[in-house]
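As written, the chain order gives the labels A, B, C and D, with residue 1 at the start of each chain.
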Amino acid sequence: LQRRYSLGVSAQLLRTEGFIDGRWVSAASTFPVLDPATGHEIAKVSDCGIKEAQEAVNAAYCAFQQWKNHTAKERSFLLRKWYDLIIQHREDLAKLITAECGKPMRESIGEITYSASFLEWFSEEARRVYGDIVPSPAKDRKILVGAALAAGCTVVVKPAEDTPLSALALAELSVQAGIPPGVFNVVPCSREKTPAVGELLCTDPLVAKISFTGSTATGKILLRHAAGTVKKVSMELGGHAPFIVFDTADVDKATCVCSNRFLVQSGIHDAFMEKLAKAMDEQLKVGHGSEPSTTQGPLINSRAAEKVEMQVQDAVAHGAVVVRGGKRLQGSFMEPTLLSSVTPDMICMREETFGPLVPVVKFNTEQEALAIANASPVGLAGYFYSRDLSQIWRVAEQMEVGMVGVNEGLLSSIEAPFGGVKQSGLGREGSKYGIDEYLEIKYVCLGGLSA
Amino acid sequence: LQRRYSLGVSAQLLRTEGFIDGRWVSAASTFPVLDPATGHEIAKVSDCGIKEAQEAVNAAYCAFQQWKNHTAKERSFLLRKWYDLIIQHREDLAKLITAECGKPMRESIGEITYSASFLEWFSEEARRVYGDIVPSPAKDRKILVGAALAAGCTVVVKPAEDTPLSALALAELSVQAGIPPGVFNVVPCSREKTPAVGELLCTDPLVAKISFTGSTATGKILLRHAAGTVKKVSMELGGHAPFIVFDTADVDKATCVCSNRFLVQSGIHDAFMEKLAKAMDEQLKVGHGSEPSTTQGPLINSRAAEKVEMQVQDAVAHGAVVVRGGKRLQGSFMEPTLLSSVTPDMICMREETFGPLVPVVKFNTEQEALAIANASPVGLAGYFYSRDLSQIWRVAEQMEVGMVGVNEGLLSSIEAPFGGVKQSGLGREGSKYGIDEYLEIKYVCLGGLSA
Amino acid sequence: LQRRYSLGVSAQLLRTEGFIDGRWVSAASTFPVLDPATGHEIAKVSDCGIKEAQEAVNAAYCAFQQWKNHTAKERSFLLRKWYDLIIQHREDLAKLITAECGKPMRESIGEITYSASFLEWFSEEARRVYGDIVPSPAKDRKILVGAALAAGCTVVVKPAEDTPLSALALAELSVQAGIPPGVFNVVPCSREKTPAVGELLCTDPLVAKISFTGSTATGKILLRHAAGTVKKVSMELGGHAPFIVFDTADVDKATCVCSNRFLVQSGIHDAFMEKLAKAMDEQLKVGHGSEPSTTQGPLINSRAAEKVEMQVQDAVAHGAVVVRGGKRLQGSFMEPTLLSSVTPDMICMREETFGPLVPVVKFNTEQEALAIANASPVGLAGYFYSRDLSQIWRVAEQMEVGMVGVNEGLLSSIEAPFGGVKQSGLGREGSKYGIDEYLEIKYVCLGGLSA
Amino acid sequence: LQRRYSLGVSAQLLRTEGFIDGRWVSAASTFPVLDPATGHEIAKVSDCGIKEAQEAVNAAYCAFQQWKNHTAKERSFLLRKWYDLIIQHREDLAKLITAECGKPMRESIGEITYSASFLEWFSEEARRVYGDIVPSPAKDRKILVGAALAAGCTVVVKPAEDTPLSALALAELSVQAGIPPGVFNVVPCSREKTPAVGELLCTDPLVAKISFTGSTATGKILLRHAAGTVKKVSMELGGHAPFIVFDTADVDKATCVCSNRFLVQSGIHDAFMEKLAKAMDEQLKVGHGSEPSTTQGPLINSRAAEKVEMQVQDAVAHGAVVVRGGKRLQGSFMEPTLLSSVTPDMICMREETFGPLVPVVKFNTEQEALAIANASPVGLAGYFYSRDLSQIWRVAEQMEVGMVGVNEGLLSSIEAPFGGVKQSGLGREGSKYGIDEYLEIKYVCLGGLSA
């Protein structure tokens, strides 16, 4: 893992400056982007501050005056072209994602395809908005901003500190697609400058809407900032999705590892643990994301790995049993870890983990499982396996989440509304509802017609 | 004006205690409700504090567990019954409104009818929600809460300090209609206790949604409180609606007095001023709201009257001409006032007034009028009069407001979405969109079907 | 059964003349309405012909010019009032239905309640039609015409020959509700005059839309007539619903007798037959509809009873076994009959029966059951019982019908769209889709706005 | 005009055989396709009869079993590919249209672009259908069948007798796009064989839906055929659109020649006639469609030219004045003709013309114009020019047509619903409503969930 992996990305897509008003802009200093698997520096990126952020907001506001007057058909055409370019450069974009966040190439390819589907979908939705709209300049931290641009808004993107390269590559492709200057802006910045830049974007009166994906803690700070100008806000925050396996489940199908809160009913518990352990042995191969055989990459940085290690230690100290893994590896790597005899009060059941940790709680009754699942203050997604029709209905209805996977561990689909309830967020992305977040209803009452 | 007006309301509807969990609850102290026209005390009302507010939230949360499981048809039936009772007691409810806020009886009757139409509309909407919902207990400061109850939510209402009686009378009617205990709660409180009660309602994790109607300043405070638990929020805040009269307008129809920011084009300006002054002479009769001849009541309290007086003084000091009125009368009363030669920088054009003040700015071009109209940080409604089809289209599109009245000074209709853009608020009330504010989309993905 | 049952209906609701343009109109002759249980004459009804039908069409056309200009809110108010009157007179209306079509009182009450719900629903829908509409005079043979009237259409109703009294009673209530003259017209006529009246209604150019509920054979004749003037047409024709019980079903719940084509899987067949026979013994009590204990009334007339008898004879001749009943009783009565060892080629499986005949086919595989169920040229509703989630999905998707009942024998609900595929009809009734049948989309393109 | 124009189309797109189940199929005989401008034969095309039509229906029915099970995403992808190929071959396809129907190349290019937009639009709509569908094999006579294929239906196209080549070229492109065999079939046939083929397609029980564009007379015949199997039917029939110019119109903008029924108010009449005559002089250049300068091609065949000539003679005999043109030219050509002093009883005002004839009726009042405009039994589109806001509202509401152009002579847009009222047709094409014509609503009631 110590060898240096070459990026192998075409020079044109490896961008390291801010992108403001259609121009690449250097900042006074730079910050390093690291390969989380090796700790090696991949690139030095311009560390934009409030000066650059302000310029980007101004540029977006000016560009908005023109962009909103493009017909929906014209916007649709440009977004489709951008989509086509992303699909064409899919391989290179995936390499950037793998390099800066560590995930295996196959997952990176999947992420780019799913992300690009937002552009395809909203290039189509643009022409399906009936009636008048009053869109406005918006700031969006997500990789893809199809809904906003389709609605006629312009955007300023502040990418996550660890992963600016993919957003900058998309900016390059937006130029090639013909998106006008100022419509799409990117201001990368370091962890140090992020709070000030975030505050500026949330308080500047020219910004009409904030869209944020990230931790619940950061989301609350941004909400507070945004209150002062009564901005519209969309939030996709933490999830901590429960994954429940009932006795009636088909154990052969229920072995997905997409959650960090497993609840397994006593009658099926032992069979399930055996299957899952075996699946982890067979399917999880730890390594650098750009190795074809890798199915489990590093965590996003070493702090994240430390946190998982601490959760394992806490669980074991309170009686959990390590069935597989349990140890931290070098750098940001962690052994895929399966814990049994877990109880709801252990830290790993109360705090969300972003790592290969699978804690399993054994439960007896449906009611008990629902109580544990719903005890969380967040509610993004939830999963359960059952073949009992009545139980399926009951549990789907009672799970306090925005999305439910029944006998299914993969939920994301551009046709379905993505988003959570409780402290998991505000608003929905994708689907026919997604564009609403960027529109204002305008009611025009035409009087005096009987004269 | 100094004589004491008797309320003449049936004893059953004159309620002065808090209403929590289906019971009338006394607080440790009381606060007075005054007739703004005379300053006389109408009633002493229980001054609920955080203890009562917390009880109400708990009651609403418990009641929610049952209420959400009522079928939509059952909820619809109860809301319809409540609506029928309100219409039946319309006269008494209007008397309470006139007594506590001063407006003429005819307007109070109109307000009750419009408010009740929310209950009728949402009793019907209840059955038109397709798919799954995850509603939650909510707090609503508005008189009518049809949308929330229709969606299966339960509510805690904190009425405005000056006007608790009408909300309490509605609580009495909800009992008669058979709405279950805990579904609808009212916690009246004094100006002193309001901040603490407001904070509790906005921060308690059991409350899932805040809906507020009031000033932009207070709205921002509540938004900040609500951020900590990522609550859904609806806000109907300040408006300061512009009213533009273009040269092409029919001057005989454009003399509505529903706005505090008049912009009149130079070619029609003098004719318009003459008509408007004459209309004010003929139509505005200042007096106690319960006198049948009254068309202009007092302001809500004497502080409000002082503010208008100060605005007039400021305007005159900067060159405005008093065409009609201009003087403060006794107590909360103010002469209906028409000002000409007003400029956009005067206080009356920058700060919203809630009184009979009509400042008129003369302008030359359409562009100039739009610039003045849109310079405000808020954007609820806007009005304009014109007979030029192209101009109608252009101006309707460019006004930065949520509702536009074209040749029409009255916009409110339950079929149309009510709400504003910019700092005028978040969300829409009424219409087919109104119930969305109280619903969460739940996406259920049913997998494993091909086995 | 030979005793004479008194109607016991208030004189005001027992109407025997045609109802045209708000007036009760006698025809040159009358025709008798018979109690199908006893054959006794209940009433003599005016036998309207093409002269009266033409008058009714003209009246509806004239009334349409005013009715369409009522606001939706006004129409909504009148329909709600009519609904309230029907619910108030529910008992009397049910007596009329029982008297003229024979069904038990409890079912008649249910029918009136369900029918009235159309008026309630569409009185609400009226206000939810957004945008422009071009409605038109329409003829409707169904008892309730809420959708048409809500949309601003006026109607001429031609009731079924055997059952004109309930439609005439509704006309009386429409007068009391304040529905204007000409908006709702009824032209009762005898079996002899029906073809000429039907043709006139389907060919007159003043009639814009035909809505028909009845046999597929008659439906086809009306479609041909309507072709000459390109009328809009809605049809609710024959059903012959299949009812499938799979091995995985809960046999205790699957014993509804709402179908005439039972398909039962071999593994559950014998248990099911036993349960069903027992249920028939216990629950089916043959008698006059107005006897409280009756759960099975007569068929609509003696020809219908003859047809069922013939079907039983045919089935037995080809190998079917009579498990219960099998014999025709006096008049229009027939013993509730359960047949086993039925095959798909027997007449009772190919032609729809309107009587208490339950033929059961035993099958082995899901595919076999679907092939038999889908072999019919009609496809209104279909039912099946299963607890296997995958099977439920597969079968619901593959059944060629407009409505599917899964583990449920009762489908009708005003919130759900009622209607069939294949030769079962055209269009949908009820639900948010129902009003579309009476609306035309009008697209208005407003040009020249940039001048 | 007598010289022979070469087609200049790539051989691959000049197809002359039927296209059934993915194969090019010769019939026993052929029929000639003529250039309407010269009368020269362009191609000999296979004259398919009921044998070939039956094969096509069977193929479509078989293909349907697979095609409906493609995911919407897959169908969407194939339709998009077909769209891309059509745009790529736009020039060649336009040449085929010009060759076989005579219209100028610029118009043919426009037609292809508009037609192709149906495929683009419905490739997108395919993924926006929520809920279950029961689509079925359909026959469509229109060039483009995007909605049907998007919905999962398969189609048999019977092109118009005079113009089979463009439909066959599209079949070739469908192969290149990868549309599976049997999904899209074309059966060209001669005028002689058309009635029998039409009847077969309308009566075969395997066909579930008929969509027809053509004359009202033929539409009625097909409706009668379709009645016997209760098929769903969409019809786009005759229009005879009125074009009203009110005194308040901007005469410089109202000179479009897109209608054959002009109504001009007396105050603007003379100015309008002068402008229109001048516009015809300057803009209409008669010639072969493939000459770049041509703006007016021939009529579809010489019978059509004879009909226009007869209408002119009738009008003149009854008092009309020939302002421009009036004479038939060689073959299928006709001089662009402007008539004044026309009255509503002349044949040209009662029967639709498909040629360059502009009869103008002078009227005095709005009411008079509406009476003349609405006197027609058909109602597809209507146009009017006015700058009076109240008049615009009134006239748009009262015109009995499906589409209204206000100050605008071009209405077609894929985003808007295309279709008429009265005898102009049934159903709507394009827009979000268009796909409904090919879908059946399926209501699934899932019971037994409380167990």
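Please note the rule applied: a residue touches a chain if its C-beta (ideal position, glycine included) is under 8 Å from a C-beta of that chain, and two chains touch if they have at least 3 such contacts.
The structure displayed is predicted, hence computed values, not measured ones.
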Exercise. Is the contact between copies chain A and chain D built from the same residues on both sides or from different ones, judged by whether over half of the numbers are shared?
Worked result: same
Exercise. Comparing centres built from CA atoms, which chain ends up most distant from chain D?
Worked result: B
For this session: Could you give the separation in Å between the centres of chain C and chain D, each centre being the mean of its C-alpha atoms?
Result: 39
Exercise. Taking each chain's centre as the mean position of its Cα atoms, how many Å separate chain A from chain D?
Worked result: 48
Exercise. Once you find the CA centre of chain A and the CA centre of chain C, what distance in Å lies between them?
Worked result: 53
For this session: Quick one: which residues in chain D touch 2 or more of the other chains?
Result: 389, 392, 446, 448-449, 451
Exercise. What does chain B use to touch chain C in their complex?
Worked result: 124, 127-128, 130, 389-390, 393-394, 415, 432, 446, 448-451
Seminar exercise, completed: Given the complex, residues on chain B that touch chain A span 132, 134, 205, 208, 216, 219-220, 223-224, 226-230, 232, 235, 237, 250, 253, 377, 385, 392, 396-397, 400-409, 411, 413, 416-419, 421-426, 428, 433, 440-448, 451
Seminar exercise, completed: Counting only contacts in the complex, chain C reaches chain A at residues 387-389, 392, 407
